[in-house]
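Please go over the structures that come below.
The following pair of complexes shares a single chain, chain A, combined with chain B in the former and chain C in the latter.
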Partner chain A sequence: MSTPRITSSRGRVRIRMELGFLLGPATLLFAGFVLAPIGIAIYYSLYSWGGYGPLTDFVGLKNYTDALSGSVFKQAVEHNVLLVALSLLIQLPLAVWIAMLLNRRMRGRALIRVVVFAPYLLSEATAAIIWALMLSKGSFVDQALKAVGLSGQIHGWLADPDIVFYTLFVVITWKYIGFGIILMLAGLQAVPAELREAAAIDGASPWQIMRSVVLPLLGPTIRIWIFLSVIGSLQLFDLVWIMTLGGPAHASTTMVTYMIDHGYKSNEYGYGSAVSVIVFALCFAFALLYQRFVLRRDLDGALTNAVR
Partner chain B sequence: MRIRTTRYLGLTAAVATVLTAAACGSGSGGGSKPAAADSTAPATITWWHNGTADPVLSLWQQTADAYHTAHPNVTIKPDPIQNEQFQTKVPLALQGNNPPTLYQQWGGGGEKSQLSSGKVLDLTSAVSSWIGDIGQAATRWQVDGKQYGIPYEQHVVGFWYRKDLFAKAGITTPPTTMDDLNADVAKLKAAGIAPIAIGSKDRWPDAFWWEYFAVRECSVDTLKSQISALKLTDPCFKKAGDDLGTFMATKPFQDSFLGTPAQQGAGSSAGLLANGQAAMELQGDWEGGVMKSLSTDSQLSTKTGWFPFPTVPGGQGDPKAVLGGGDGFSCTKGAPPACADFLKYIDSPEVQTKIASQGVGLPVNPAAASALTDPTLQAVFQYDQQASYVQTYFDIAMPTNVGQALDSAVADFFAGKGSPQSILDSVSSTAGGSNK
Partner chain C sequence: MVIIQTTARARRVGDRPKRRRRLGRTSPAAYLAAILVAGLTALPLLFVIIDGFRSTPDINSKPVGWPSPWRLGNYSGILGDQQFWRFLGNSAQIAVVSTALAVGFGAMAAFALSRYRFAGREALYGFFVLGLLLPPAVAALPLRLWMSRLHMLDNIYGLGVAEAAFALPVTIVILRPFMAAVPVELEDAAVIDGAGRLGFFWRILLPLSTPALATVGVLAFVTSWNSYLLPLLVFDQPEHFTLPLGVATFQSQYSQDTAKVMAFTALSIAPAVLFLIFAERRIVDGLTGAVKG
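And now, the complex of A and B:
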C-alpha cells in the first residue's frame, strides 16, 4: 500500500496544522519537563553552589574533573559496569532458560508464571526492606543456611565490603528476572511451531532446534531486553539506597547513589548536577549507539516512512 | 542534614499524614496565657516544623492554638513536613519569594550557609531580653555573635546501657575511664554478650565515636577555634583517630555492625539494645524513645541506664565537655514581630514543661527540668547542665558538605579503609573546595 502524495498547497497547510495540533502539547511538555531541566542541570553543574543565594561561584568544568578523577565516583562507575556485565552474563541466560522451560506444556504452568513474575510487581522499596530484614544478622537467610547445615557459609551479607555488591546483585536478579522471563516468553510465543516441526522432521536434535531456529528468532526480544537492562543497571538506585546507602565504605555505591549523597545530603547542588549530567550523557550515548548499531535492524520494519 | 531525634518517626510517615488532618481539626486551648505581644496588627505565621508524628505534632498544634487564643490578631499555621524533606525544601523556599515565616533550624554550619540567601531574620535584639534564660544552648544558633535561630530542645550524646546485662557480666558500676570501658568490654565478651551496638550503616553513629574521642583529646579552645576554621591541624585530632583505631582493634561491636542501621527495626543498633542483644550503645538522649518503639518490654526503662563518655588517659580535653546538639527555629525576613514573640512562648516554662513531660526531648529552659519524668533523662539533663562545654556534633557545626565528608571518612575508617589522617584530610580537602 502506498500513501497518496499530497500535492496541493492547501493540503500541505492542513497537514502542518494537524501535525502542530497533535504534536504541540507533547512538544511543550517535552521541552518544559525534559529539555529545560537538562539545560538547567548543565547550567548548575558549572557552578560551585550550595543551594542558597545566587549562582556566583563559576567553576567551569571543575565539578566534572573532580567527579571523573575522584576515587569514589570511579568506584561507583565500576560497580555500574560490573552490574551491566553480570546482568548480561547471568540474568540473560537465566531468563531465556526459565522462559523456555515455562513455554512447554506442563501442569501448573500459569501458577509458576505468576510466581516467577511476582517479584517484579513488588515495589522496589518493599522488596528492598524485605530483603534487608532477611539478610540482617541471624535472620531468615542465616537461619535457612543453618537449617541445611551450611553454617560455615554465613556471612555479613550487607556488612562485608567484599560481599555486599554480590548480595545486591542476587536481590536485583530476583527482583527483575521476572520481567526478562515475561519478555522472552512473549518472544517465544512468536516463534511459529511449524518451524520447529519442520526442523524436527529434517532431523534436527532438540539442541540444534534451540540453537539454530528458536534463538535466532528470539533475537529481537533479547536485544531489546539488553537495552532495557543496561539502562536500568546504569541508573540503579532505590534497592541500593534502602539496603546499604551505598556502604559500607562505598562498596556498593552506584553513580546515582553517589549523586544523591553529594547533591542532597551534602547540599552540593552544583556538583550533584555535574554528576547527574555525566550519568545522563553515559545513558544517552549508550542509547544512541545501541539504537544506531544494534536495534536498527529490529526497528526497520516497525517505522512508517516519514510523510513528505 | 539529619536530625536524629525524629528520625525514627519517619517510619510512621503515612500515619502522620492522617494525624495531620486529624490534628488540624482538634484545636484545644492551652492553659495559662502566653505573654502579650507588642504589636496588634493582624499577622499570619506559616510554620514549617518536622513534628509529623505525635507527641510533637499535637504539641505544636496546641502551642499554635494557645498563642492564637492569647493573641487573636496572630494566626499561626503549622505545616508539618517530613524531616528529610527539609534539606531540599528549605534551600528552595529561601531562594523563592515566599519562604515560610518560621522554619525548623538546626543551627551551626547549616544555618550559616542559609544566611547567604539573605532571607534569614536577625533575631538578636528581639530576643535579647529573655535569651539568657535558656543559657549556653542559644549560642549554637548564633553566627558571628548574632542570633539567627532559637533552640527549643537540646540533645546530648552518651552511653545507654543495659543494667541487667552489666550485672550478668559482673560489672557493678558503669565505666568512667577508657581502661574501665576496655575491661568491661572484655567482661561482657567473656559472658557471651555483644558489648557495644552501633548502627554503622547510617554513618553518623560512627562519627559520634570519633568526635567524642576528639572532645576528650582536644582542649575546649582547640575545639572551638579549629572546628569553626575547618582546620583540624592540632595533633589531638589525629590522636582521636588513633584512639578509635586502638579501641576498634578490641572488636567491641556486634557482628556485622557495618550493615546495621541505627534505628530501623529490631535488628537495628537501638533494637539490639532494646531487646537485650547488646549491652551498650553510644547514642543521643532520644535513644530511650527509639528503644521503646522497638521493644515490647514494658519494664524496659527500668533496665536501661546512662553514663557519659569515659575519660581518655593523657587527653587534653575537659572530662566534663559534652557532645550534643538540638532543634530550633528561625524566622525569615519580613516576619511580623509576633514571630520572635512566639519563639519566646515556645521557650517559656509553659511550653518547655510540656516538651519535657511528654517525652519530646530535653528542654532548653532549665525551669522545665523538673517535668522530666524518666530518671535516665533526668540524669542526662543534669549532666548536660553541669557540662563545662557542649560541642555541637561536628557535622552540624561545620558546613553541610564538610560535615558529610567527615562522616563518610569516619565510616570508611570503621570499615577498615583510610586512616586517622584521611579523616582529617576529608575536612581540609572539602573545605578547600574539592568535591571528591
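And now, the complex of A and C:
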C-alpha cells in the first residue's frame, strides 16, 4: 500500500481535499441510509407509536420485554434456529456432494452448472410464486406423488402447520443451494488433483480421501458458507412472506416476518422497531463471535480488525 | 460476501487446463446423478413456462399436462399489457441508479481506503464493513420511517439511492483488496508522468479494476433487481411497483386465472435467464475462480 509522499503543508491540504472528495459521497450515503435508520429504530423502539403524530408515549424497554416474552416471537426465533440447523445438516452436505459431482470432467458440465445456479439469480418473489403454484392443492407436486403411487403422502403443503416449515425449507434449499455449490466448486479448485492422486496411490479409499484430504482443504470455504448461511437464515423474509405470510397460525413465522407483521401491517412502529433492533443485535453478536472464534484464521482482517 | 475477490491470479489458477486425472473418471452413475440434480432444479421453471402456454380451464381440469394446442395468448396478452412493461421499466431504472451510485462512490471510497494513509482509515473501513450485517431486512422498517421524513416514499429514484447505500459495503469490501494489490510502481510512474493521484485513479486504476468492477456491478444490479422488501415498504402506489412486487401482486389479483399468472411469472424469469446466458462465464468463473479460501 502506498502513501503519497508529500510533506509540504500545501500537499497535505490537497490530500485532505482529495480524501474528502473520494470518501464524502460514500460516507454520506452510507450514514444517511444504512446507519441512520438503525439509530432511528433504537430511538423509536422506546416509544409506543403508531407511525403518525409526535412521539409522546415513552415506554422505556417495554417493547423489548414484550417481544422477548411473547410466545409468537419465541416461535419465530425457534423457526429461525430450526432453519439454521436444517441448513447445516442438509444443505451443507448436499452442496459439497453436488459440487464434488460437478467438479468431475463431464460432457455438458458448464450447462449443468448454469442450471443449478439459475434459481439463485431469480428474485425471491418469482421463486415463491412458482412454488406456490406447484404446491397448491392438486397441482404439480400432488400429481407427481400420485403418479409414482404415493398418494398417501399428499399433504396440505402450505396449509398444514406441522409441515409448512419443512415445505419452505425445501423451497429455500432449491433457491439458495446453487450459491453454496458455486462456493464449494471454487473451494475445490484449491484441492490439487495431485494430493488426491497421491492418497489414492497410498491406498486410501474414496471415503478416506474425502474425509482426510478434501474436507480439511475445503474448510475455509465451508466456514464462510456457514457464516453466510446463518446470517441469511436469521433474516429470512421474502419467500415466507409471499408464500404463507408466516402462517398458518404462525407456523412459519420468522423474526423478520414478525417484525413486518407488527411494524408495517399493524402500524405498531415502536414495537416493530424494537424487534428489528433485536434481530440486528442477534446477527451482530453471532457475526462477532463467529469471526472471533471460527473465521479468524481464514479472513485476514476484514471483520475482526475492523469491528473491534 | 466478504470473500469474493476477483483477482487476476486466482482466476488464472482456476482456468488452468487440468490434466486428465485418474481420480474422478466419470462413471455413468455420476452422469445420471448430475442430470438428476439439474433436472430437479430446472423442473419448477419448466413447469411454469410450459403451463403458460395452456389455458386456465385446461389447467383446472388437468393440473399436469402438455399444452394442446400450444397457445401464445397468455404471453402475448401480458407482453401487450402496459403494466408488465411499467414494472420492468421501474425495476431497470432503480437497478441502474443503484448500481451506478454503489459502484461509482464505492470505487472512490475503496481507492481512498486502499491507497491513502490517514488517521482513522481502518475505523472508517470497519464502519462500512458493519453494513454487511445490516441488510435491508433488518433496517427496512426504520428506513421506511426515515424515508417518509425525507419525503422519499413513492419515488423510484429515492429507492435507487437507498439500495445503493446498502450495496456499498459489499462493493468496498471487494474492491479494496483488489485496488491495494495494484503495484506501487504503477502509481509512482503515473505520478512522475504528471498524472497526479486522481489521474492515476481515473486513467490507470479504474481500467485495471474492470473485472472487480464488473463483479460488484453484477452483484449490485442483481440485488436491486430482485429486492422485494424495500420496494414493498417504500411504494404505496402500484405505478411505482417493481417486477418482483408486480409478480406477487399480479398473482393475488388474477388468482382465478392460473394460466395468466403462470405466463406472467415465466416472463419475469426471462430477464434472469437472459442475463445468465450473456453473463454465464463471467458469473460462474468469477465466483469459482474468485473466492478467496
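The criterion applied here is as follows: the second predicted complex is superposed on the first by the 275 of 308 C-alpha atoms of A that agree within 3 Å, B and C clash if a C-alpha of one lies under 4 Å from a C-alpha of the other, contacts with A are read in each partner's own complex, and residues count from 1 in each chain.
As a convention for this text, a contact is a pair of C-beta atoms (placed from the backbone, for glycine too) under 8 Å apart; a residue touches a chain by one contact, two chains touch by 3 or more.
For clarity, every value in this text was computed on a predicted model and none was experimentally measured.
In the overlay built on the shared chain, the residue A:197 is in contact with chain C alone; chain B does not reach it. By the touch criterion defined above, A:279 lies against chain C but remains apart from chain B after alignment on the C-alpha atoms of chain A.
In the superposition on chain A, A:160 makes contact with chain B only, not with chain C. In the superposition on chain A, contact of A:117 is made with chain C only, not with chain B.
Touch criterion met: A:268 reaches chain B, while chain C stays clear of it. By the touch criterion stated above, A:71 is placed in contact with chain B alone, chain C being left untouched. More residues of chain A lie in contact with C than with the other chain of the pair chain B and chain C. When the two structures are aligned on the shared chain, A:293 is found in touch with neither chain B nor chain C. Shared-chain residue A:207: touches no atom of chain B or chain C. Residues common to the contacts of chain A with chain B and with chain C across the two structures: 51, 133, 138-139, 264, 269. Across the complex, chain A meets chain B through its residues 48, 50-53, 63, 66-67, 69-73, 133, 135-139, 156-161, 164, 244-245, 247-251, 261-262, 264-269, 271.
Every residue of chain A that touches chain C in the complex is listed here, in rising order: 1-4, 15, 18-19, 21-23, 25-27, 29-30, 32-38, 40-41, 44, 51, 98, 101-106, 109-119, 121-126, 128-134, 138-140, 142-144, 174, 178, 182-183, 185-187, 189-190, 193, 196-197, 200, 209, 220-221, 224, 227-228, 231, 235, 237-238, 241-242, 256, 259-260, 263-264, 269, 272-273, 276, 279-280, 283-284, 287, 298-299, 302-303, 305-308. Residues 1, 87-88, 91-92, 94-95, 110, 113-118, 200-203, 254-260, 265, 267, 399-401, 404-405, 408, 411-412, 414-417, 433-436 of chain B are the ones that touch chain A when the two sit in their complex. Residues of chain C touching chain A in their complex: 1-3, 13-14, 18-26, 30-31, 33-35, 37-38, 41-42, 44-45, 47-48, 51, 63-64, 101, 104-106, 108-109, 111-118, 122-135, 137-146, 161-162, 164-166, 168-169, 172-173, 180, 184, 187-188, 197-198, 222, 225-229, 233, 243-245, 247-248, 251, 258, 261-262, 265, 268-269, 272-273, 275-276, 280, 283-284, 287-291, 293.
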